[in-house]
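Listed next: structures, encoded as structure tokens.
Next come two complexes, and both contain chain A; in the first it sits with chain B, in the second with chain C.
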Partner chain A sequence: MRAPRLKTAIAVAAAAALALAAAGCAESGRDPEAPKKDTLVFGVAGDAKVLDPSFASDGESLRVARQIFETLVQPEEGGAKIVPGLATSFTPDSTGLVWTFKLKTGVKFHDGTDFNAEAVCFNFNRWFNYSGLLQSPDVSSYWQDIFGGFAKSEDPKLPPSLFKSCTVKGADTAEIAITSVTSKFPAALALPSFSMSSPKALKDFEADKIGGTAESITYPKYATDSPVGTGAYKFEAWDRANKVIKLTKFDNYHGEKAKIKNLHFKTLTGSAKQSLEAGDIDGYDLVAPADQKALKDAGYNLLPRPAFNILYLAINQSGNPALAKPEVRQAIAHAINKKAIIDSKYPIGSEVAINFQPPTVPGHNPGVTKYDYDPTKAKALLASAGVTGLKLKFHYPTEVTRPYMPAPKDIHEMMVADLKAVGIEVEAIPLKWNPEYLNAVQTGKNHDLHLLGWTGDYGDAYNFIGTFFDRAKDEWGFTNQALFDQFKAADKEPDINKRVELYKALNAELLKFLPGVPIAHGPNALVLGKNVTGVKPSPLTNERYASAEFK
Partner chain B sequence: MLRFIVRRLLQLIPTLLGLSLLLFIWLHRLPGGPETALLGERATPETRAAVREAMGLDDPIFVQYGRFLKQLLTGDLGNSLSEKRPVIDLFLERFPGTIELTVVAMLFAIGLGIPLGYLAAKRRASWLDHMSVGGSLVAICIPIFFLGYLIKAVFAVKLGWFPTFGRQDTTIDATHITGFYVLDGIMTQEWDAALDALWHLVLPGLTLASIPLAIIVRITRASVLEVLNEDYVRTAQAKGLTERRIRGRHVLRNAMLPVVTVIGLLTGGLLSGAVLTETVFSFTGIGQFAAQSIDHRDYPVMMGFILIIAVVYVIVNLIVDISYTFIDPRVRVR
Partner chain C sequence: MTALARKKIAKLERLAELAAVHSKEQGESLWREALKRVRRNPSAIVGASILGVFILIAVLGPFLVPYDPGQIGVGIPFGLEVKEGQAIYPGPNSEFWLGLDHQGRDMFSRMIVGARQTLLVGVVATAIGLTLGCLIGGIAGAAYGLGGKRGRTIDNVLMRFIDMLLAMPSLLLAISLVALLRPSLMTVMIAVGFISVPIFARLLRGAMIAQSNAEYVVAATSLGVHKRKIALSHILPNSIAPVLVQATLTLATAIIEAAGLSFLGLGNPDSSQAEWGTMLADGLFNSRFDYAPHLALFPAIGIIITALGFTLLGEAMREALDPKLRK
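Take a look at the complex of A and B:
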């Protein structure tokens, strides 16, 4: 009687195989749009790490945080300029050390409690008083980047805190004192990491009760399952097994309410383009340059972000002695055909850089000295400097791409050809991005030229040019005290308008001094379904999906 | 039989010990280290050194191994360095998906492979035979990531019959009890959820089935061909037994031993994760998770994963050995 049993097993397997296929056919009648009328599914490339924005530094966590939380100040819609957020105004006193934030009234947290000055101070005091593991750079990285230390810093290497105190001056007025005037404040408060959380929820869900060790941190419930902000969407669930974070509309939102009821962030590893085309998702980020035109032509809403980055060709003046001569640096700048590089290696919307910062950030100066592609002039400059047979070590990174540097090897090759054309010999040095390359070009002494860039954190020019040039660095190999002093003056200027003028002057000075050659700003893009409108792309990836709607 | 099972399970202990020691040595020879995954790209050498010291990565390897064994004995596989959660939790989240996918893929492979292989042998040199042999060769040759992409392009993007990713539609509010979504849907009588989970399994299941299907077709065909030439089949035919009885009782049953062995090996392989299929279909399973752990130098996950897979392999092979006794009464396990 065993043979029939075997036969039965095979028959069952065959029937099951057919049944599975039939299940598909039965389901095939579904209209992929039908169940999604009230849900926008956005495909993301990786999982969020944590939902408490004060612990987050990765893009996916911050993307979710931007929908749930709000900050005192924020980047303007579609731009990088800082404008009021939960604060209707923010003004410094005459010293620039005490800032008064007037707050919006009638704002509620998702748990029904009021947003007011007490909530603002509660949040600042919480961050300032982090202790133990909460002071780990892995946990409070943005606080440490912007504010430095804590009330009681446990790491002696941490600088004194920029934050001094927060005082409640009435329900809708908070006064924040800082220890020194800096360009970071209040611009950096637009970072989602400085979002306002509900004090009640922070206490109820023991938001500071972090566990584990520095190597293996266990986040508290608030950070994994119960974030409470004031945003247009509130947290609903994080289905980890299915890799989806579900948000739902906050009906008591103080501003214009979300137009689509549910917002889901689904992690995809397969082709997001196929999923968009099949109608399984309604949008995704970081569209591959090769797909951008095809999607646009097919009627999808391709939204290129204004570039918020820069690729530069760095010149180390302590390397080959010839590089200390301005004419040689100018010759290199004239030798590089930047437009050809952008036309062949960069996505739609990329542009040639003329400053060491993107045009989206106030302080950009279109009137700086320009170095157009001119090989003849480059040769003449080399000759006038008395330099012949120049041979330079040119480092480039491998196994990496960045939005500002989509194809490092190709860009390097094009530059090498340009340099050879004006008589500069090049020794190409490819190195693995991390740590070899970064160590070689940032802390090494043995480089002449290299490619590097930066994507900004917040909308202040100092975050670009100050990061690169405000002090002597091995990357550039020069000391220019007058320039460093100019940076210091700009950083300490509390009046934003005056500071922007100082940035413009600095950009002019930089392009005259020419420590390197600005090359390109490479935007990235997100795409939304043909039937989805209302989202404005932001250079800081600060898109708010509350304004999205299905046509 | 019980003694056989216990003995085989006991054999797991030296197997796992040896394997874990080899893995430990191998992991320490890998370039880079977990501190890179933890600290990111621009960490200073000092910070890296501090983290290595805190994690005990600079201790002698046997000290670290001893620490690991002690932890293992308490059933603790440690915490993932990149996800910062217990390895066992992460594994339990992902393993049901892999099992569901494996079961569906093997259903496709066995359900189609054995009949096709049998018919190809019975009608040797017919168009069906040529199609089966040629088709299985093609199925083995097409890279999975390409096949998956192609299947998606046709059945999901073009025809819209199936979803392109995941285990369940994100808009379905399903109750999850066991983590096996089809089973959960049946248990809770949320039929929509069960059907949706099944629907999500079809394309990745078919993709993953392609290679096992091809292998099963070829092995079945070869095995049936061999049996068809046996004297006892001729005797059965001479006795005037019906074709159906000969096929079921004499041919298939005798031809199945090598097929079952291969099915066992293939199932073990699929259970250890189908990295490419899972990646193409954004399917949450252990294959992709394990691959990422190598990128992240996530030692606890890599160790835990490989040890658990070793256990799975041993159990699957045990089941295969036991199944021999049902197919061939002459086989006895001792």
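Take a look at the complex of A and C:
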């Protein structure tokens, strides 16, 4: 009985395959006279978490928020420099503590209400007065990163709030007072988490009525089904069954109106590249480096973003005692062939890092001490430091790729070979990215070398070098008070031009001190269909699809 | 107990019984007779030849490689550079027979030195499983066969523990073990060896129990030979045959399981050592398979052929020992 049954099965399978093939042919022979497309479907890797941007810190939520909402200041199109957004100008007083924001007039929220100074202050006061679960680091993550605490901070570990008050000085003028001068303000206001929501909608949909527990949060209706901003697209529906967020054109938009009527964000389950090739989607983000050339050659609109990240090789000076010697760190820097790593592992457009920040951000200093690939010099430096038989623990993450780190294991392997060539032995320690790896290298103490990087949040150098080095951290294992003070001085400088000079000096100092080795800036890319034009890639992933159009 | 475990146990019990059946033919030992049958079996010859080649490569590997298997960018002087970001992976060519891997190392050399690592893991793991399994199985078998009531209790305790291990899917058990200890070459060997413990234990115990009723044991007992001596020098040597057969079969699974662990990233963290499972995983990472299928294909073929060799030989030996299959 066995054989006949098998034969039947094969016959059925063959018939099914034929039917499928026929269907495929029918589909590809589509009617060329079909009506012009009015929906741009963008494929995303995961579901958005929440649509109220003040609760969001994940890329997928913020991607949607950028289309619905706008911020007071924003990064320039295709760059990282801060330019006016909903505020036409922003000026500090002589102390640098009070900032006057002149607002654009004639701006409407999607619900028809006016955007004005009152709305600005309503939003700031709302964030400042978050209480209970809204103060959970998962909920108001960016507020806590930038502004620290709240009006009444419930966690005693939170620093005092940077935000002091917001005053309405007329319909189109808002005055925001802060408690100390910092590089974060106002640059960080460009983060989509600080988007302006409609006060009426916030009240109507009870935006602050959060439920559940810190482990499983129930978001209010405003955050899940009725976000209202001033953007070129307004929210239409979130089809959770099909994993699609549907936006539609806002006809009363104050700027240039959206060119494509509908914008959909569809969560993909299979291969994004195949979905694009099959025509199910019109674009997707974070194209695998290896796919970039193939897609470009096939005629798709590949949009590489200017690099806004850095991969560095971190050295823990509290690890192996030899690492506290500058010569040993310099030897490691000279031993590594950065160019070979970038040539073989990174996509086109990547570059060797010479600072701990990308060149797109003001403050980059091309005149710093450079550590070219020179194994002979590395050996000499080790010898002069009197170090022999050095064996270092070298951590690397498994199973992840990051735009700044396309293949951690391979990069690690190449570095190990380079280190071995100058006589440094390595114990490789692979760990899973989250939480094992991050814990081990950021809060653990038992590591010597590791690979890590950073993608910037906003266009200020402090967001890179300050994040890494402005205080003693277990990741680096050193205390250098002079350096920390230098950072503090730069952070407190209200004049942007002077601050950039201070950043340049800091970069020079860092490369002299050499707490780690900057390796690479790797641009990532998004891809759009062959017939989609008008989107400008942004280093901050701040693409707004209102300017997209079908050819 | 799961149906799977029950099936496994039944299969092992059957194999164990075979050892108790002795050839009636005069003057020929069980082994000699089995060897004769194996030599006539074509699948055994194929299996043995595969293994012969494999072992030869594994032993002589370092002398056979045309290039340093660890040298990154070995193709650069020949104008063959790997540029992963642009999906350029030079495939097989006259200079590098199996092409270059994702790091620009010679694939052919890595396949060859990978064989040694693979064989090493397989053999050591099997040895670990064999030793531990025989220890537990031997104690249980001797206790059951000769130890009376108390012996049966000892046997019961040991065997319930073994049944528990047997009920667990083996790869899952190995993964848990590696996760528990830290991934290293030794951990992989221990984990893979450990999962074959219940098989060897069950097998040896079954064979020993079957032997313990044999006439020569009864004779020895009635002559007053010490029980420990009976177990060690009479029963054990006559029960070990199926265990050794099983060891060749286990070698095959050990190789596959070790490769599986490496594939899952739980293998030897020293990635400069070429290992087929790791090579396979690397060949599939970052959608490399779309552009350079040879990176995954060659290690996969290597694993399949080697495992096939062990399985063919092992099965043939089992058949040769099985009186019901004798012609």
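Quick note on the criterion: the second predicted complex is superposed on the first by the 515 of 551 C-alpha atoms of A that agree within 3 Å, B and C clash if a C-alpha of one lies under 4 Å from a C-alpha of the other, contacts with A are read in each partner's own complex, and residues count from 1 in each chain.
The working rule: contacts are C-beta pairs under 8 Å (C-beta built on N, C-alpha and C of every residue); 3 or more make two chains touch, one makes a residue touch a chain.
Not measured: the values here are computed from a predicted model.
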For this session: Quick one: name whichever of chain B and chain C touches more residues of chain A.
Result: B
For this session: Kindly classify A:Y346 by the partners it touches after superposition: chain B alone (first), chain C alone (second), both, or neither?
Result: second
Problem set entry | First, second, both or neither for A:E413, with chain B first and chain C second | second
Exercise. Does chain B (first) or chain C (second) touch A:A421, or do both, or does neither?
Worked result: neither
For this session: Answer with first, second, both or neither: which of chain B and chain C does A:A241 touch in the superposed model?
Result: first
Exercise. Between chain B (first) and chain C (second), which does A:K293 come into contact with in this model arrangement: first, second, both, or neither?
Worked result: second
For this session: Classify the contacts of A:S275 with the two partner chains as first (chain B alone), second (chain C alone), both, or neither.
Result: first
For this session: Would you sort A:E399 into first (chain B), second (chain C), both or neither based on which partner it touches?
Result: second
Exercise. Across the complex, what residues on chain B touch chain A?
Worked result: 34, 36, 38-39, 41-43, 45, 47, 51, 54-55, 78-81, 84-85, 93-94, 96-97, 104, 107-108, 110-112, 114-115, 148-149, 152-153, 155-157, 159-171, 176, 179, 195-196, 198-199, 201-202, 205, 248-249, 252-253, 256, 278-282, 284, 288, 326-327, 329
Problem set entry | Contact set on chain C toward chain A in their complex | 70, 72-73, 81-87, 102-104, 183, 265, 269-272, 282, 285-288, 290-291
Exercise. Mind pulling up the chain A residues that touch chain C in the complex?
Worked result: 273, 288-294, 340, 343-348, 350, 398-399, 401, 406-407, 409-410, 412-414, 416-417, 428-430
For this session: Under the touch definition given earlier, write down the residues of chain A that touch chain B in their complex.
Result: 2-7, 10, 13-18, 20-21, 23-28, 32, 35-36, 39, 41, 137-138, 212-219, 239-244, 246, 262, 264, 266-271, 274-275, 277-280, 433-435, 438
